[in-house]
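Both complexes below contain chain A, partnered by chain B and then by chain C.
After this line comes the complex of A and B, so read on.
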């Protein structure tokens, strides 16, 4: 038994490369960033975790330990439950679209022509706009009776479309806005990855009479797989944190159909003055994001191993 | 001495003197909402020019700064929506303004936390005649027999009326529309109006606050107590509350009431003559008067009228703006003196605030021709006795108001039943209030 244990331990030690011990010089180089990271991220994160077990009055600066009460109230809160569902729906609407559409546009525009360069610039241009400008534009698009969308639909005799006032469509409408706003970044990341693929591979595929579909599936996608994973993880993290466009376009309505988890946290913490309760909601969001991103990362690695 | 050396020394002396001169001015940091309108009123000192809150308060600040060269009031402007969130952040970080605007219903939340300085002695010191403050606004800012704020106005709920289209439907004359005195009569008027003009009789903005204020007003008219047992527990079970709401819903279903996505669209639609009445607030009167002068006839005979007593006795929801001195602000004797001087100036010039549509808070001004000769204000003399607000001990009224409004608007748009909406509103309010310590 002892032998088996020591053998297993020895195998583990052999499999794991020994990490080089750090030196003071190296620590000095990373110290400025490490300090900022600890002060502005690790410390508030820890403080938020502690606050989630307190009744915390942000104004008066008073805190009272209440154990798991915030979490108990949170999980029985109908509005929070709705916010969790809305956030997941939003991630499902947007993340696959960001990945698929971003890749599609990148594939279409990955060529050295003037029109491709113009379109790349156009697609990326929306990325530099602030959330206020984006929501102003899209509110005007979705405006009932007089909006751009309604004017277009009038041609087909479709009337009284009020997407942002319809609980069945409001979240999708915001998802479209978000995709329009943010598609530039996935596109640029995919373009950068596509340009790293050696041309010889495509030449070899051509000599082997590979179809465009076979080339895409067996050469392009595997070659840029790491970028696909990167874009997916970036978008999962970003879309779980959706807030600005929802707050400005629908404020969580109609009928609570667009309230996201971050908006819930914001409202509970700053508007409703229940910072401890908001912190509990923030911890739940944090765990969901870690699990979702981790799961995606794990699945991607497994797929890569095949 | 060479000329260049002389000029250089002179410039140095001036350079040293300028900061000293600037330091002689006491700065009063003035936190407020009401918007920013520097482009239009940044240098204006004529109080007769502006017609909205932003213009009036900017102009009054300009006048005060011009008349008091030793003081500089610096506005710190925050949008209305997140004002209290920002104020919370400032207080938490110790960056406390010297004077801050505050809604009357928010006072209790700050007073309970011992964050506002009582102003009784300060008013005596500044020469502000407390006896001239109307009983309603004074009661609104008095907690445990102490005055915590200088009221600025009465804010109340009303109907903006296009009396031209109302006259077209036989509902009065241009400039003198006829208003309903019961829900049944409102339905009759609305149908008559729709038949004659093809337009909706009433418009309500999809603003949760607008929905709540409308419900509050109708319940106050029915003399209904929303907090019968405790200020931490709302009761929305009244059949009367549902009946009042169902009347609005029926109007919407019949096309007599139209829901407008936002205030900008509501103003545009109203000024284009697209509906007879728009439910709104006193603070919009100044802008409506200006719009009515610019519409070229579409908005004929604009009239502002206190919310009609359609559900019982005359009563209307009201709130107020007030000025407070938060603890930690105006920390030096010079700053305190300057801040009090500015408060006295606002008190003395309260009449100008009425240009935005508000009622002045000074009793002596209610019968002053300077006020009564403003458009539509003569009819507002009836408001103070009928103006009501939620019990001021109810905490976080500005939070629970949208809870109610959001749920009821969902029912008004057929996204849930009336019963579900009232139950959900009550649950949200009571769950939230029970969470507070």
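After this line comes the complex of A and C, so read on.
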């Protein structure tokens, strides 16, 4: 509500040709939102930035300005380097899959039948589960010897699969869990977009001899391109922050192969109580996310103009 | 250039039968209009010809080919949709070329065809624009251009003028008629607007409740409506319908009594039965001081070139008459009216129309 009020006030001001004088009542309307925004977002953000240049012991409550020392230490930290690589890998595993699979499921379920409605509900249902439940389910799936996956693989004579214990496969296994967990949102967003496309355009395409593939490529995808961009950016931002499922399934192991940046920040800040060092790592994550989302936005805008 | 043959077409939506046992033949190069109120099945019929709607039973032939089992793209038809259905992210040129590119026509030929269509429709300056940057009339022309480039055997128009304002609609009507003359292609045009039907068609197919009411040239439909439905649907202002009291034969036609007035018609009495209704178009009802009908004027509509008088007879029935543009008749006047016997119609109990003998009426 406060958000809407502030936007409306902003628009009125922009639309007025000559702004007579700035009135305090205008600020009054924006104030509640502005207050929360400053106190809970701008202030901590600034504080975190300053903290990253300090030696800041949360436990002892000591703070001391040390310049770029946190960053120097961070960039030479092997574990942090590994966490950056892992996080990027995780984003590359999950984001394209979220987009492609979400679109595929939406295309398949974009029809008015009872089974499509049932499947839509099922695919979305996992989305409402908490991370604790999701990881519990998937640890049972990946359980060596007795897990669902092993039971399934037994049929094909494949023995002794322990994905979460394997440094080469643990991250992929967590990516699969994440996709199972989160696929409902991209699916719903794509479904909403697909339903906005007027049916007449598809009929025109039929009369234009467009094959199903040409129809998908020339009609459907360009029509929902904004949603493709939206889903991609939402997922980039979400997956760079992966933490809960990793913490609960592998705790960053085996051999740091699944340690993500947020987990690194968490451990530095709340296990070792070195908040300054953790803040520096958080700043790096922040910059990476902004650059990645911005890059994606820029690329997709260019592509729309072909 | 191909004709179309529809034979015993049925279309059912579940238990509801939208079109029952309809047969129709369209000659090569003919401009046919399907005319009827919404829900009469005219658009469904057009969509079945296009292949966008399957037939429940029956045969459709375009030229020498049976097409009812072919997908839309292989029927040799092009369609102009009511809402244009342009591809919003494609430029005007891409919109027009999409169909040809899909069937593997080479780039140079596609470009030449787009140029040719753009020239005919005066779209040359707009080829790089997106549909969102065009006005309604321009979009309409792009939709027509998209049909032209395919050089189809048959053009199908699904109420394409209904989203245009009145001025543009009148202009586009003329443009489409010109286009038909120029291309000589078979065209089917669906509309609920009887003016569009009258002005553009070589043949009008009047439909109601999934059935064909009448097929004929515009003036044939206007002068000799085969049913009361056709008579009421075609013509503005609509035909007057008056309940007939008594009827007797006199000379070539029926002489009827109507609310105490005596009216002569040229309609033969031989086949008349059931509750009868007199039908007469407003332009056949004129002011005449010696006229046999007395009526009170309750609305005067001045259209410039003519004046439409809405009057009430002594028994309460409404009768619309026409007078010259400079008419001095005013609200509340009591006028005497005369009906031209050669332009009267009698509809019998089943709604079937009976008209004066042809030789007399066609003078």
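A few comments on the model shown:
One rule holds in what follows: the second predicted complex is superposed on the first by the 276 of 306 C-alpha atoms of A that agree within 3 Å, B and C clash if a C-alpha of one lies under 4 Å from a C-alpha of the other, contacts with A are read in each partner's own complex, and residues count from 1 in each chain.
Criterion: contacts are C-beta pairs under 8 Å (C-beta built on N, C-alpha and C of every residue); 3 or more make two chains touch, one makes a residue touch a chain.
Because the structure is predicted, anything quoted here is derived from the model rather than measured.
Under the clash rule set out above, the superposition-derived model of chain A with chain B and chain C shows the two partners fitting side by side.
Taking chain B and chain C in turn and counting the residues of chain A each one touches, the greater count comes from B. In the superposed pair of complexes, A:28 makes contact with neither chain B nor chain C.
Contact with chain B, but none with chain C, is seen for A:256 once the two complexes are overlaid on the shared chain.
By the document's definition of touching, of the two partners only chain B reaches A:55; chain C does not. When the two complexes are overlaid on their common chain A, residue A:207 makes contact with chain C while staying clear of chain B. Of the two partner chains, chain B is the only one that A:270 touches; chain C does not reach it.
Superposition on the common chain A brings chain B within a closest Cα-Cα distance of 52 Å of chain C. Against chain A, in their complex, chain B makes its touches with residues 82, 84-85, 88-89, 91-92, 109-110, 113-115, 206, 208, 259, 261, 265, 396, 399, 406, 409-410, 413, 415-416, 424, 427-428, 431-432, 435-437. Those residues of chain C that touch chain A in the complex are listed here as 50-52, 71-74, 77-79, 81-83, 85-90, 98-99, 102-103, 146, 150. By the touch criterion stated above, chain A contacts chain B in their complex at residues 55, 57-61, 64, 73, 77-79, 143-144, 146, 162, 164-165, 167, 252-256, 270-274, 277.
In the complex of the two chains, the chain A residues touching chain C come out as 198, 200-201, 203-211, 214, 218-219, 222-223, 225, 304.
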